[in-house]
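Note that the chains are named A, B, C and D in the order they appear, and that numbering of residues resets to 1 at the start of each chain.
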Amino acid sequence: MLITKDNIYDTHKCRLLRKYELTEHESLFLFRFEDPEVAQNWRYLPGQFVELSMLGYGEVPISICSSARRMGFFELCIRNAGRVTDRIHKLQPGDIVGIRGPYGNGFPVDQFHGRDLLCVAAGLGMAPLRSVFLYAIDNRWLFGNITIINTARYGKELLFQKELEAMKDIATAENIAIIQSTTRDPDWPGLKGRATEHMDKANVDPKNCAVAMCGPPAMYRGMFNYLVDAGYDPRYIFVTLERRMKCGVGKCGHCNIGTATSWKYACKDGPVFDYYAIISIPGLI
Amino acid sequence: MMTIIEECTGDCRPRVGVYALTSCYGCQLKLATVQKIIDISNMVSFESFYMLSSASKMAADVDVAFVEGSVSTERDLEELMEIRKHSRILVALGACSVNGGVQSWAEGEMDHDALHKCVYGDSKLTMQGLQATPISKHVDVDYYLPGCPPEEDEIMYFISAFLIGTFPEPKDYPVCAECRLAGNPCILIERGEPCLGPVIVAGCKARCIGFDVPCVGCRGPVPHETAWFDSLAQTFLRKGMTEKQIRQRMKIFGSHDPNIERMLHSILGGETE
Amino acid sequence: MRYVKISKENTYKFLEHLKATGALYAPQKISDRFYDFCAISDVHDVEFEYDRTIRPPRRFFHLPDEKMFNFDMTRHELTPVKTQAEHIILFGVHSCDIVGLRIMDAEFLDEQKDSYYETRRKKGIIIGLSCLPDEYCFCNVRRIEFVDAGFDLFFHELPDGFLVRVGTVTGHKLVDPHPELFEEVSADDTKNMELFEEKRSSMFSIYGNWDNLRYFLELRMDHPMYDRESEICLGCGNCTLTCPTCRCYDVKDLPAINQVNGERVRFWDSCQFRSHGLVAGDHNFRATKKDRFFNRYHCKNAYCPETTTSYCVGCGRCTYFCPAEINFKRNLMEIAGYRGAV
Amino acid sequence: MTRKKIIRPINVDHVARIEGKAGIDVTIEDGKVTVAEMNIFEGPRYFEAITRGKSLEDATAVFPRVCSFCAAAHKITGLQAAENAIGLEVSDQTRKIRELLYIGDYIESHSLHLFLLALPDFLGYPDAFSMAEEYPKVLEAGMRLKDIGADIQTVIGSRYIHQENALLGGFGKLPSKKQFASLGRRLKYLRNTAEEALETLVSYRPWPESEMSRLHLALEPYDGTYSVMGNTVHASDDTQFNAAAYRMRIDEFVVPHSFAKHCLYN
């Protein structure tokens, strides 16, 4: 639920509770709203994002990567890649930031209920998909079998690698397949190769499966071909796109995507799009 | 919220050095005459600022060094190397430092010997001059403040941002953008005058065009290879300018741009001289 | 709709009254060839026959440069800057620009209302003015040459004055206090308006409609026009900054020298600039000049459901104010295969 | 027994609080100065060379960049030279407004020099910042004088360093009557400030007297108002010559220790 102030660009204060280093460049930040009323009522969907504001530095859109079931708290996985995120990485527990949102459509998880779930992530794409995956685990009874494929170029770049590794104990008992793979790392002891190369290990039924993907456009192209050939229902294939969502509310125009007949704002109409929306926008991926 | 200040005794203010190589001293003058200079001098400690202070050191240990001027003598080069060694952040201040300045106008036309002969004849000097070059040809530069001279608001924005541990996002769009917002009529379209607005980086709020004077390009070409000299040369040709005029005009402040020669060549052919 | 008539002399008197109501802006000549909406001190400076203003009317409601918040870094607080609530009266707005403002409304006053825009827009009074097209105009193929909403009053030129359409309650309230300035519309006046409209329609350089344009744009995405024209393009952003419907903006924080306070400001941006499509890690979604050039052709020709038009209103600014003389109309016609004078 | 010769060299490597880079070498032998050299090691920028063959518009745009403190002087001189070369007469109005621009520069650079660069010497401070607390009033007065000089240039010339709004034959756009009137009001209002500040300034210490014989050159003004623009040069030895004949009266020569040339009047 979007709780805005009179001014849609105004923010809510949030306190940083914990910061975990995930990789060399990415860390996980746990925040809590300062205002108890906001903390009580703030809801979000997996795949939605917030605008995080560091006064004096600027605002950045960050997708939420925690489970939507845990209320009043949320986690953001942030890569240190610019002026603002560099400042965020210097935050200490107890520090305050500004948050507005959540924005975007998010994954339509209601439609996923009763189906198997396949999550495919590459690189930083694991951040929004962790939210979907944790949602499914927290609502385990609503889903069939679950498979998550997490890939990165190198082992040290694999996001949430340890967290997923630790889940392997319960995974088998819960019909969850966790596949982690690297594409370029010669020293990586585990699986190697792109997501498409491990699809044979997915324990889902293509005919009754929802797919959530996040990664670079090249991955989408490969996966789309594979999924459609393998008989997955295109209506349940969803991807999330990255753009520069400066305002988050469809005003500033930086995240516009598409061509003349399907002109969209990634922040408002997306960032999650289904298979048919993607193939209707020529040249998008 | 700032990172915890390490234990410091005495003066904990950030240390600043202001240095000049070869230039007109206008950038330092601009820095020294911003309205809030006293506020700045309270927030930072000027370790070196020869133009204003006799308590200056050449290459003091500083957090940020502003360097104005081009490298035009061997001594400049030595000083620049020293400055870089003693500075955490090095800022190129102004056109000479960023782009080589007007002294690079003859770049590609006359070499240093020819320049020297033209001004000093056969007289020998004890000091060695060099072909003027931007400082980025010799050392790593952390930030650029373009302009001849730089604008007050950009200097203030940089210093304020520096004080909280960041830097302003550099502009990457041309003067035209600010000119339209200022409501000036376009003198390039209307009168066909050689306005360099389309290829020069914004920040001056189209100061000169506001006075009906075509842009001479003192802020230097738009960075990130988005200064389209070739397109503008085509436009200028259509407006009736000669190849020589176009080349000269664009090179006043842009002769060190890595693309200018290639782009002009594609439209105008080789040098006509 | 209510119709009244006003004579030319009374129009000046009416403008005087408007000036007393709020800040009056109207077209004025600012150089040999260009016009702009200027603050009017002498109503006789108002230019009734102008082609197009260099700056679009949206600038009165979505400021080119706007302070959004003051902030305090130690208290972590944003304080919204209150927008000035003075009446802004725009006189002499052509129908293309009126539709332009309606498109702006559709974008800024949707379910997520931009309060800065909203406050000013609510205080805005829009008075339209009929016009004759030049070779740059193509509002007719955009189906908006005769606007039917989005104005408070609309002045149609007659040989001896103006026929005024009253569009809103605000419009009535402007007319009502001055019965001495207005008269009833006669049959002759209506005939004269008809003649004017006839003359007007005959002056367009192209006819028909461009409803299927957007489909051709997609079917011919690799058209050589993009390569050819983007090569000439200066990437200066004039087309987008003069456009009455472009609304991209960027936001930045300006910290003060005291390390405590600062301002969050926004300013007009353009998709023709490199940083527009830039995301973290230096990846750019519109990395080349051609990508950015292409983007505008599609963005402008997308469909705006709220106004049932494309985002391009056919005002001709992007061509008229292009230093490289790139002709938007001609290029679109080339892609879609439309015939007609360029 | 022969007395050993006492040689005392004094080297100032980098003179502070001046515009430009210079050092001073002085050698004293037996109480007598034998060497006194001012080294201008500020790099050469070859203005005489780089503007050759360039269009007048472009060249005159570059000239103010010779020096930031007196940019207006270089700009206007360059324009006048170019106009002379092509036989272009400017209107009286243009000449008058140029003079005003020039005077703005005078006010600005002189107040800067006196209050920001020279004053700390008389009061025993390394710079103006460190005397700001003790002597806020005189510094503030100086800065206000500098501001009016800068604003005159900004209003007329577009900015106070490297004015662009002074072109061959005239100006791009002239300031409005209102702007001129407002400058006039401010100048009148500042008259007292200026006088007080100057009195304070001279009260700090008697100005050094020099008994050396010197020669000064000055322009005879066009209309007897202020000598910043004119055609005739007067020397303090009562000689005079036409500015166009400067090459005959002033000899420029190169000294090996300085990038700046030296001059002799004859």
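Quick note on the criterion: contacts are C-beta pairs under 8 Å (C-beta built on N, C-alpha and C of every residue); 3 or more make two chains touch, one makes a residue touch a chain.
Only a predicted model underlies this, so the values are computations on that prediction, with no experimental measurement involved.
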{"item": "Winner on C-beta contact pairs when B-C is weighed against B-D", "value": "B-D"}
{"item": "Cα-centroid distance, subunit C relative to subunit D, in whole angstrom", "value": "50"}
{"item": "Rounded Å distance between subunit B and subunit C, as computed from the means of their C-alpha atoms", "value": "37"}
{"item": "Geometric centre distance via CA averages, subunit D-subunit A, whole Å", "value": "64"}
{"item": "Between subunit B and subunit D, centroid-to-centroid distance (C-alpha), Å", "value": "23"}
{"item": "Two or more partner chains touched - positions in subunit B", "value": "1, 161, 164, 169"}
{"item": "Where subunit C touches two or more other chains at once, by residue number", "value": "73, 252, 255, 262"}
{"item": "Graph class of chain-chain contacts, one of line, ring, star, complete, other", "value": "other"}
{"item": "Residue ranges of subunit D in contact with subunit B within the complex", "value": "13-14, 16-21, 41-46, 48-52, 54-55, 58, 61-62, 65-69, 71, 112, 116-117, 120, 126-129, 132, 146, 150, 158-159, 161-162, 164-165, 167, 171-173, 254, 256-259, 261"}
{"item": "Residues of subunit C touching subunit A in the complex", "value": "68-69, 71-73, 76, 78, 80, 107-108, 110, 112-115, 213-215, 217-218, 221, 246-253, 255, 262, 264, 266, 269, 271, 276-281, 285, 295, 297-299, 301-303, 311"}
{"item": "Contact set on subunit B toward subunit D in their complex", "value": "20-22, 24-27, 29-30, 32-33, 38, 41, 46, 49-56, 58, 69-70, 72-73, 75-76, 101-103, 105-106, 110, 114-116, 118-121, 123-127, 129-130, 132, 148-149, 207-208, 210-213, 216, 218, 245, 248-249, 252"}
{"item": "Residues of subunit A defined as touching subunit B within the complex", "value": "56-58, 83, 86-87, 90, 95-96"}
{"item": "Contact set on subunit A toward subunit C in their complex", "value": "4, 6-11, 13, 53, 55-60, 79, 81-82, 85, 96-98, 242-244, 246-247, 249-254, 256, 258-261, 263, 282-283"}
